[in-house]
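Note that the chains take the letters A, B, C and D in the order they are written out, and that residue 1 is the start of every chain.
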Amino acid sequence: MELGMVGLGRMGANMAERLLRGGHKVTGFDPNADARKALEGKGAASADSLQALVQALPAPRVVWLMVPAGAITDDTVNTLLSLLSPGDTVIDGGNSNYNDTLRRAALYREHKLNYVDCGTSGGVWGLAEGYSMMVGGDEAVVKRLQPIFETLAPAKDAGWGRVGPVGSGHFTKMVHNGIEYGMMQAYAEGFSILEHKQEFGLDLAQIGEIWREGSVVRSWLLDLTTDALTKNPKMEGIAPYVADSGEGRWTVDEAIKLNVPAPVITLSLIARLRSRDTESFTDKLLASMRNEFGGHAIKKE
Amino acid sequence: MELGMVGLGRMGANMAERLLRGGHKVTGFDPNADARKALEGKGAASADSLQALVQALPAPRVVWLMVPAGAITDDTVNTLLSLLSPGDTVIDGGNSNYNDTLRRAALYREHKLNYVDCGTSGGVWGLAEGYSMMVGGDEAVVKRLQPIFETLAPAKDAGWGRVGPVGSGHFTKMVHNGIEYGMMQAYAEGFSILEHKQEFGLDLAQIGEIWREGSVVRSWLLDLTTDALTKNPKMEGIAPYVADSGEGRWTVDEAIKLNVPAPVITLSLIARLRSRDTESFTDKLLASMRNEFGGHAIKKE
Amino acid sequence: MELGMVGLGRMGANMAERLLRGGHKVTGFDPNADARKALEGKGAASADSLQALVQALPAPRVVWLMVPAGAITDDTVNTLLSLLSPGDTVIDGGNSNYNDTLRRAALYREHKLNYVDCGTSGGVWGLAEGYSMMVGGDEAVVKRLQPIFETLAPAKDAGWGRVGPVGSGHFTKMVHNGIEYGMMQAYAEGFSILEHKQEFGLDLAQIGEIWREGSVVRSWLLDLTTDALTKNPKMEGIAPYVADSGEGRWTVDEAIKLNVPAPVITLSLIARLRSRDTESFTDKLLASMRNEFGGHAIKKE
Amino acid sequence: MELGMVGLGRMGANMAERLLRGGHKVTGFDPNADARKALEGKGAASADSLQALVQALPAPRVVWLMVPAGAITDDTVNTLLSLLSPGDTVIDGGNSNYNDTLRRAALYREHKLNYVDCGTSGGVWGLAEGYSMMVGGDEAVVKRLQPIFETLAPAKDAGWGRVGPVGSGHFTKMVHNGIEYGMMQAYAEGFSILEHKQEFGLDLAQIGEIWREGSVVRSWLLDLTTDALTKNPKMEGIAPYVADSGEGRWTVDEAIKLNVPAPVITLSLIARLRSRDTESFTDKLLASMRNEFGGHAIKKE
């Protein structure tokens, strides 16, 4: 098939490359000229504006967005709205909040444009191993895009699927990331317990390797964790600072709205917040309270 | 009544003083001569060894222990065992683990000595306001000690009671402290949320004052918290480091043994552990894992 | 002063009564005629529509809303907007989300109407003991309303205050309720641990009584909890079902938005969700997973 | 090699069978005659008592224990102590608490017997896929046993290893299970959120299938979870009741002792406790407290 790829950062460029390798025709756009040039070097065409991109594509057009969620996606979606023609399709492959997706899709529907959301997992490994994709959108539209998904996926008929109407792709990806937070935290806590049991002198990377085969906790995340522990067993030079990129928060918010108790996913998010709260007012106040009622000494800063 | 007070630190000295004010005759022992002298200044006798203390007391003797839980309590209890005579009574007023209490009481019973456990709450305010006391022990023995408890308590017949057999006093005090952890954490989190809502420019001490009258969250801990916030609204110079002294851990352990889900008490303890884990291996590994699968940047130390 | 009271449910009727007792002139409105009649019996005037209420009040008018948060508040606020005149004031004393309050206040400002938010705590006890009130709004406007707050409060100058601009009153009340959730859960977990320690045969109401005097955990909530335990020590006939009314959710949401780790307040909310999730899909799936990997038996429904 | 297998339940019988397939000579003992007969059918010898088992094995003997942790392991270990000769080796392949293992190993050392602990993961799938084994013990002893581990493992040099001195194998397995609890809970919560989002009509088994390829959350547990969801999408007939078998508790206990904050592993355990607490005293008391202060209705049982 032929499609436009908007956003040639790490994810977008890799996906464009995997599509090219799969025989698709890709025209890429990114405000960064170097990113465009790099993609040209892989066999793609490029456009230096959204307008040029739309003109370069045959109708009915297919435009894949791989841009940061939020304002940039909104800008891009709105600009494309004025450039595209009825029957054209935009696929948002980024980590958009599904509520934003529902809003954008409703707008597109008014203009007889198709809107598809694709929750994309796989990170930097997707180029080589394929991406796991949860797709939301009208059945007929998704069916037409099938060759694209089949190429991006790990295998033609594995690792991707239409999970429901528009919005459901990003919703499912959001929950995927919530689970990811919980799994990551479980592994990290476990390895930390092992690390603190100093009298056993455990080799964490060795234990990770053992678990990779035959154990109940074997997983791809464990493979990566073991790799990280092998390269840097003591996590030297790494700040205990864990970012979060939105999906965890949205999952917690959604769980509460749906009245689903999700203590582990929630605590995984809170643990990340805590990692960045190095001057915790809460803890200072607690220390102060202990002093008030019990005369317990306060540690000075 | 007449009794010996072993341990003249902040808590023991205050309790001895409150007993003296109440007309009891107190002989104090502490390895620290200054502490003994200070108590003498309040009208007590003193002894410079446990042996001298026991000799100074009329039979049947009553010895109140107010020493650190653990090894020091064990040493004291064991030494007294060899010095006391059948019918004498030891009251452990400290924060002992109730399992230790059960073990010590069994030993004393073999020697026809009475063992009473008294969970004591009130902190540095107890001297003026009286202590809340949860007493475990044989009914007849506790009944004989009643004048002591009535004097130490906030009022003759309020703030203390025999809650059950030996061990139950420390058990109840342990749970009291577990609740205390949860309440403290709830307040601290709440005030921290207020503190972070900068656009409202809230005055935390003022809000504490408002809540002290008529609100659902009014409490003695709130009084103290408000006092702390009044004196140091920004918690300046205070390290975000919160100690714990055992009862929280025991409560969590006991809850699990009893199959009682206690998420809030448990998380209160974990929050304290976290306050001291400033180089969290867990968080370093999480940052490292994010880098592995997503290429996300790691913050350097 | 003279004011209109909209909403004569339990809270509104009690507040109107306390105002009447304090010498204020109150005109009440409620769609329920019995509620209006009941208030008349206490010495208030009444109106059978918002329009009649507004007409009955002297300019500049003061209207206190004590209606359910959400749609009913929106309807009332919107209707009043069309009836009131510049300089009039609406006070929302209910449990509105502060974001709604900010939106409504902006609308009122456009029409030169004053909007004040008053977070009100005290529940059914407020009539007798006074209400704790956290007020948000313009300083001059709040100053003019001072006699009302002084009457409703537990004492003239205690238990209430202007905490900041409009919105800050409901924000502060929201956090108050978050703290309340955490405290309640801490007490409930603690008493549950005591209850499960059957070998000590503890009397929970007795322990609550002991703690009420001199202990670190003494509080008004403990007074009420002890009362509940005295009346029904085994909680017979009570379903393990805990409702929540919004503020807990909003507090959790706000904590996450502000990047404040609030594990205890959050888990208190989740515990309530869990109390209502009697057919937990999560737990069924967990049981099923255990069977899958370990062959562990599944309990049948 | 030649070894005795004590305990021919699901795990022990499967391990014996895998050893037989690998060319080892196995003599099995179990109090249950049918279990012995079944193993004989696979080519093993059998003994009808521990004494007979020990007599049937050539010195230096190797005895693998696959019996329930706790009292039965203690009994077996103690009986073998009196039957074995210096230089013989016992391997505890069950889920013993590592503190028990340390105690038993010290006893064996006094008698010049070798004690090795092997944390074994893999469940019912181990027969076909091999077991992941974390081994603790003296280096020379473990080296001698290498052919056994190589056969039981998924591959000769993968999925097993000596992780440290005696005790460290069970310690590592304990943490493995703690991680497992966290991962399971994360998946179960995530799927539960998907299940509750009814407007999207999601097919959970399909989503599990998608995630199995290329996603960040792919794992063996996900494979099994997807299988469970395929077979029973609505979890019909399954009670929301989740057992726990000890390792989770020990992990939580150990984390606290080591001052490692482990909120996710801990909450995973608490969630299981909660699943069995269908008449929660905590929740009844909370409902009662809400009624006390706010007059909120109590749901009747």
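Things worth noting here:
Methods note: a contact is a pair of C-beta atoms (placed from the backbone, for glycine too) under 8 Å apart; a residue touches a chain by one contact, two chains touch by 3 or more.
Computed from a predicted model, the values in this text were never measured in an experiment.
Where chain A touches chain D, the two copies mostly use the same residue numbers: shared numbers make up over half of all numbers in play. Distances between chain centres, each the mean of the C-alpha atoms, put B farthest from chain A. Averaging C-alpha coordinates per chain places the centre of chain A 34 Å away from that of chain D. Distance between chain B and chain D, defined via averaged C-alpha coordinates, is recorded as 39 Å.
Between chain C and chain D the centroid-to-centroid distance comes to 48 Å (mean Cα coordinates, whole Å). Residues of chain A in contact with two or more other chains: 123, 185, 187, 189, 192, 196, 216, 221, 259-263, 267, 270-271, 274, 280, 282, 293.
Touching chain A in their complex are the following residues of chain C: 216, 249, 252-253, 256, 259-263, 266-267, 269-271, 273-274, 276-277, 280, 282, 293. Chain C meets chain B in the complex at residues 121-123, 126, 129-134, 136, 153-155, 158-161, 163-165, 167-168, 171-172, 175-183, 185-187, 189-190, 192-194, 196-197, 200-203, 206-207, 209-222, 251, 254-255, 258-265, 267-268, 270-271. Chain B meets chain A in the complex at residues 10, 123-125, 184-185, 187-189, 191-192, 195-196, 221, 224-225, 227-229, 232, 235, 237-243, 263, 267, 271-272, 274-275, 278-296, 298-301.
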